[in-house]
Amino acid sequence: MDKGLLAYLLIPLLSAVLIPFAARARRRLADVIANVTLLAGLANLAWLVLRPSMISGGFADIPGDGLTLLLVGAVYLVGFCVTFFSAWFMEDGTPNRQAYYSLILVSVAAMTGVVSATDFFTLYVFIEVLAVTSFALITTDDSGRGVEGALKYFFLTFPASALIILGISILMLTLGSLSFDNLRIFMASGVPSSGPVTFGAALMLLGFLIKSGVAPFHTWTPDAYQGAYAPVSAHLAGIVTKISGVYALIRMAALLHFFDGRALALSDLLMFLGMLSIAVGAVAALRQKDFKRMLAFSSVSQVGYIVLAAGLGTPLAIMGAIFHLFNHATFKTVLFLNSASLEKSAGTTDMEKLGGMEHAMPWTSWTSVVALLSTAGVPPLSGFWSKLLIILALWQAGLKTYAVLALLFSIVTLAYFMVMQRKVFFGKKSRAAEASAEVSAPLLAPAVLMSALIVALGLLFPYFYTYVRMVAERILI
Amino acid sequence: MNSFPMEWYFTALMMFVGFYCMLASRSIVRQLIGLEIVSKGAMLALLSAGALANNLVFAQALVLTLIVIEVVVVAAGLALLVKNFRVNGTSDIWKLDSLKG
Amino acid sequence: MMNDYRTLLYALAVFFSLWAVMSRKLLISAIMLALVSVSVSLIFFDFGAPWAGVFELSVCAGLITVLFVGAVSLIRAEEEKHPESRARFYALPLAAAIFAIAGWFYLPQFFAEIAGWARPGTGSGTIGLALWDMRRPDLLGQVLMLAAGVFVIKSVFPRRSEK
């Protein structure tokens, strides 16, 4: 466990415990405590990473492996956007207000634990904590569909956990320990028969693939995202499922030395499933009628890109995967938060009933368009650069088919988003658009902040590239 | 010849029964029971692997953590079950099909 | 081969889990699940892992059973009004037998091979030291898990007065 980042885990936990006591009399205090905690963490992180001396030094002084710090940043960023949004979104009479904020803070703490774990079992423990908090968060608004989504999530992630435990026991048997370093040393040492370790790793990879909602196991994702309480779906799609599954896949891809041809079968499997999930997600998204459900399928498709790159495992691919993971957190948060705004203002997320929302809700529309274009990989937004890195890495590795397919499906992504933009934001003014008005400024602020970040990351790509390269160099020793 | 292969053979059998239950049953309670059986199997596998590798103390420490996790997971599952029963009025998982597309 | 006592316990665990799945009444299922836990905890004792055994016995066989019985009694009436088709459950012994016989030819050999990969560890120390020295992050994880559990219950069952 990374000791330097322990504070980022403990402080949210303390705030979470504090909330039910402090906010018993004054309900709004819960919002304040949660927001202040996350904002303080974010400010601290920004100071740590974005100091001028740090930037000019090429981020060489970043403690640890850099990936942890970047992802803690993403966790806090999305967590802050979600709590800030919820503070104005949540109705005053909601019965479990304090529990809601406590759960978000616990899930932030758990995610910090996941990304700072240095041992497979610790990773597993924190992932379970994260899963348990997610169910309760999904069902916050007591809707039937929320409970349904939560149940489907429940009954797919826990069998996956059993697979992970089996993998862990084989790893313990053959390595004698579960730390990341041990596996790294073992894979680097070039012991001829790495079969047993690979078998254990395969079981764990399978578990993490289910948890990250990659193609054949993606059935729970749309249900959970669509049914979830609106701000929670942003939290879930933006960061939770990425940390609980995709992060572990990237970490294992680096540890198993995919780049020098060890564990080739696993690498191939991961790449195939990544491609499959890109295709399935994109094709399914084309047929959706509901805004949130389409976003969920798009999320399946974008996760496919990350898994594809992780499966390839070359330094360039790992850079692309990490960058895309971060980008995914930014654009999916914007989109899901905006879908929550739509739901609040227009009362529906059914795309047939929406239309011409640009006139009624200009800010919501235009931040969505920025995020959509970034998802589809249009230059100069940040999503373009990460997809470029992934496709370049595929091409460099000689996997021309995968490279072309990845490019092709990124055009499909653009296509379904065009369809959606026409249906929801542009075009003739629908009855829903006439009846609805722009949501208040505080509800827009997180989306605007994230959109600004998308544009900034795209324009300041060289700096981010330096950071990501540093990360890739450190995790691929 | 040590006893490890037979232990894992029985464990595999147990996990098969658990997974079968999760696949075959429509009732949420029964699915939870299947899940419990599967996770018991996983614990047994972990402990017998630890015993084989002369790492029993380490394995025992992991199993203790697993038990704590299991309790909270089952409590969360049962809470979901009761909430689902209150909200949707059913404990049949296939009747839940309002989300489609 | 393993000693007869442990074989018996493993066989009992499998038998009780079969019964738990097959039983028509949910209450019987919950009780059989407790018996599975008891067998598992006896296996833990036999391995020489008393702490795991005690926890399994008190927490899994005790607390979880209480939780199950409580939840089952809440929904039992509804559940028994619409009984699900039993055909798939009657097929379970057959499926399990097929799995057991087919697996008999392959699985023990495969597992023996896995056993051959084992790298003996140190195996020293006590459970308390192991938890505190090597698994301290897990303890933090446990604390976080318990906190999460409390908040989940608080969130799912809000106080009546607030409704």
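Note that the chains are named A, B and C in the order they appear, and that numbering of residues resets to 1 at the start of each chain.
What we mean here is this: a contact is a pair of C-beta atoms (placed from the backbone, for glycine too) under 8 Å apart; a residue touches a chain by one contact, two chains touch by 3 or more.
The structure displayed is predicted, hence computed values, not measured ones.
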Measuring between mean CA coordinates, which chain is farthest from subunit A? C
More C-beta contacts across B-C or across A-C? B-C
Can you check how far apart subunit A and subunit B are, centre to centre, with Cα atoms defining each centre and the answer in Å? 27
For subunit B and subunit C, what's the span in angstrom between their mean Cα positions? 6
Rounded to the nearest Å, the gap separating the Cα centres of subunit A and subunit C is 32
Multi-chain contacts only, two chains or more: what residues does subunit B have there? 43, 52-53, 55, 58-59, 62, 65, 69, 72, 76, 79-80, 83
Expected list for subunit A, residues touching two or more other chains, is 121, 125, 128, 132, 135-136, 139, 170, 173, 176
For subunit C, what residues touch not just one other chain but two or more? 114-115, 118-121, 135, 138, 141-142, 145, 148-149, 152, 156
Quick check on the complex: what are the subunit A residues that touch subunit B? 121, 125, 128, 131-132, 135-136, 139, 142-145, 147-152, 154-155, 158-159, 161-162, 165-166, 168-170, 172-173, 176, 222-223, 226-227, 284, 287-290, 293
Can you tell me which positions in subunit B touch subunit A when the two form their complex? 15, 19, 22, 28, 31, 35, 38-39, 41-43, 45-46, 49-50, 52-53, 55, 58-59, 62, 65-66, 69, 72-73, 76-77, 79-80, 83-84, 87-88, 93, 96, 98-99, 101
List of subunit C residues in touch with subunit B within their complex: 1-3, 6-7, 10-11, 13-14, 17-18, 20-21, 26, 29-30, 33, 36-37, 40, 43-44, 47-49, 51-52, 55-56, 59-60, 63-64, 67-68, 70-72, 74-75, 78-79, 82, 84, 88-89, 92, 95-96, 99-100, 103-104, 107-109, 111-112, 114-115, 118-127, 130-131, 134-135, 138, 141-142, 145-146, 148-149, 152-153, 156-157
Sites on subunit A touched by subunit C in the complex: 1, 9, 13, 16-17, 20, 95-96, 98-100, 102-103, 106-107, 109-110, 113, 117, 119, 121-122, 125-126, 128-129, 132-133, 135-137, 139-140, 170, 173-177, 195-196, 199
So in the complex, the part of subunit B that touches subunit C is made up of which residues? 1-14, 16-18, 20-21, 24-27, 29-30, 32-34, 36-37, 40, 43-44, 47-48, 51-65, 67-72, 74-76, 78-83, 85, 89-92
